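Chain IDs A, B, C, D, E and F follow the sequence of writing; residue 1 opens each chain.
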């Protein structure tokens, strides 16, 4: 993994969903080796923010320094093919990202015993472990994780924390949206509540498509 | 809600998935007004057990006293229609279960403000709240919940605990598979580890389809 | 149960005009055939009854895989199976909703399309009658196929493969009815047979469909 | 990128014989038309070129919605969009995989089915040639349609509506090529036009598809 | 003891191993005898010339093609009613054989039709219904292949076989609507053989017997393989369980 | 004996029909035997592993 040239810095970012501003005036920097946890109640815009950072949707305003090519995004869905085995699923992503080797990922998320099992025959937690192992084969420095520990049991959560720590130690950085405790006390926390988008009357931004109509 | 005639009692139950025994020698009773939490690592068979109790798959061995008609099951998936609004989704299930009124469910899971929103425009946690609200319109005494608080923020988890408590107070009972703390200290815990199915050589049961072949 | 029917209708309407789409497909097949075959009026009116029926059948077929697939993916089917209505009822309602969103509009629109295919004049009432009589069978048989393949990835084409041979008798009697009607011959036999197939399928197949669904859910 | 192609092929094979199913549909449409139209050999050989092309087109069409739908549902598409390969490449590979699993087997099997349709003898080589030349265009155009409709519930029929008009030129020239070939007439014009459509579509449409995909993902 | 004891896989393996010792040589002898006789030692017929030799493949394969489906229907019913695994597996084993036989009948018939009727294919009722039967075979096998869990697959394919049989009969009746067709009617029953000269009758009978033996042998072989595959699957799953 | 066999003007017809049919039959038998052998070998391997464990 090549260490990131710079940090992932966000300036005056505003993000929208369904044409409505959701978060605004976001400004934070994610340095290599650091973990940042996004907190906010349901519907506060965590998923929207992560998708914007990953380059899947354009920001409403503001700047993101890190190019999408340095970012690996893990969403609510795991992107697994039900009829491929665990090994085939991982190998595919390794090839797509040009890293090739899946050994570290398999050991990291404790998937050795399941390598030949088709993804459709995994339990919810096993699927999730496979989805997280995918991050390890991307070889990218910034990880954006959306509720990564859903369905994981206590042991797997610890395993996950371990994987995150070694990623940080190798110069990576992670941004995690979650509601539960991840066993990462060293991580900083970013609360999204103060960044909730205000109505335009109160000084908030216009939505993407309605500025012409308001 | 008609209070249950009796408890949900399980005797010598064995359940299988993909033709293989997963859990065996299960024996517990869920009395009205009580909550029972299933614990076990990923892949230990919690989902399989709940599906069996709900009558979606036949048990491999043993008996379940409660008929499926007294059981409401909430799986990993929420059974929501993306293009229907929150109100329409709930009203549909209320009609199917013949209860009709969705007011209590809406207030219970704090969905008032979202009633006219289409389900596809909800955030992950909001969807989950709607999925749980469905339980309230079934009017059934036994709730089987598979990781119900996934994606929920702290406030919603508390809300959920509240709803469960009032269901218990009304004579219902709940069985919850989860890895996280639900804020229900009064609930008993059933650990599935000692019930893991053994190999037939070690005295375990045969799988459903291979008894003739082993 | 009525609730289920109404919900399915509503979903069909919401999802970008469920009614229009089956119809649209019917229309486009009927348009494509002259494009491929060439514009000679005599050839077209010769093959009109057959092609119209084949097009209606394909339009039905294409919407089959969604009968249960969506409900299975989002978990509704599990919930319906544990709901206090018999699975046979669920299956029947699903078939009925499918017919109302597909077969019924096809029947109503068929005269317009028959015009494009140069159907001989006396054939029009018989075309509508045969579709009204035959498309319910298509929906019921299709629901059976959908119940067999629910939960299979890429079930769509497998479903076609399973269902099409089952559609053969309906197709033959339906097209025969139109053909004879258009030629002014006696229509009683195909008429009765078509009605018989529809009645038999509607009466018996829901049990098979429910059984298949139960097997698939476990 | 090759990895993506190979994975799609593997998925097609795993999912209960991906190759066979497109073919199966082609076969079944070709069987149904005579069942509907009736058994007269002369009528059939008259309409054979057109019907064979329409059937191939429909067989392609039916497998289109799965090009992106499955990847979208399980989140793979989001991940592919952020992967270090250009989206144009993804789209091209998807189209290629679709052709290999659909168009290619159709082309190879077409002579057998032409037999059922009573195609006149000299038409056989032209049928295969026209399909070999035309089906890549169907896959590329279809991929574009699939990219436009990805993420829409019940996109299947909408997709058909969008794509079928785009298929019209390919269909007309393809069928014309076969018809002239079967009748022993000059084939140069439809041949060149068909080749031109395929080359143009393959060169330009991937950009449009990638753009549509990008819009649909945000 | 009832015959159901043979539905026990172990018992079936033993019995079938014993039966196969006789059946394999019997099949080989009958097939070789019938086919060699039919191909080399029958005279050309007056009208049909040497094409009459095709009958020795066409008729037996057509018979097996139909009767294999009947056997699958019976096996599916047994699986439904008594849930004997061997029965379901035998139905699965028979399908590819039936499909191949149907295909052989179709191909030989088509090739025969070219000189006789001047066309490879005609939408004659008998031909059409046979083609539909072939489609049923394809669908049935595709469904088996598509479902992972063996008992689920057995259940669903049995339902399909039952429903399919009804519809196959209906279509057979439906295609009769068109015309009487080119294909000659059934002229050949074991009791009466007036339409077929002796020179063809005896080798044909031997070929039919050979094809029947061939079918039984292959079904037994394939069922044994299916049983082994099933046991293998159970063992492998068990290994994973630890 | 083979030399005497005269199929007349239908030689191609008869030979192709017989050829196609025999190819299909042989293919069916071959596939049956190959799969049978493969499954049998795999099963024996599994049985051997199982025997060792006990």
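The rule is simple: a contact is a pair of C-beta atoms (placed from the backbone, for glycine too) under 8 Å apart; a residue touches a chain by one contact, two chains touch by 3 or more.
Treat the numbers as computed from the prediction; the structure is a model and nothing was measured.
A comparison of the D-E and A-D interfaces places the larger number of contacting C-beta pairs at A-D. Centroid distances from chain C, each centroid being the mean of CA atoms, peak for A. Inter-chain spacing, taken between the CA centroids of chain B and chain F, is 53 Å. With centres defined as mean CA coordinates, chain E is found 32 Å away from chain C. Each chain gets one centre point, the mean of its Cα atoms, and the points for chain B and chain D are 45 Å apart. Chain centres here are Cα averages; for chain A and chain E they lie 57 Å apart. Under the contact definition stated at the top, the residues of chain A that touch 2 or more other chains are 76, 82-83.
Contacts with at least two other chains are made by no residue of chain F.
Along chain E, residues 132, 135, 138, 142, 146, 148, 175, 231, 235, 238 each make contact with two or more other chains.
In the complex of the two chains, the chain C residues touching chain B come out as 3-4, 7, 10-11, 14-15, 73-76, 78-85, 217-218.
Touching chain E in their complex are the following residues of chain F: 1-2, 5-11, 13-14, 16-18, 20-21, 24-25, 27-29, 31-33, 35-36, 39-40, 42-43, 46-47, 49-50. Across the interface of their complex, chain C is touched by residues 12, 15-16, 18, 21-22, 24-25, 28-29, 31-33, 35-38, 43, 46-47, 49-51, 53-54, 57-58, 62-63, 65-66, 70, 73, 152-158, 160-161, 164-165, 167-168, 171-172, 175, 179 of chain D.
Those residues of chain E lying in contact with chain C across their complex are 132, 135-136, 138-139, 142-143, 146-147, 152, 155-156, 159-160, 162-164, 167-168, 170-171, 173-175, 177. By the touch rule above, chain A contacts chain B in their complex via residues 18, 40-44, 47, 76, 121-126, 128-129, 147, 150-157, 179-180.
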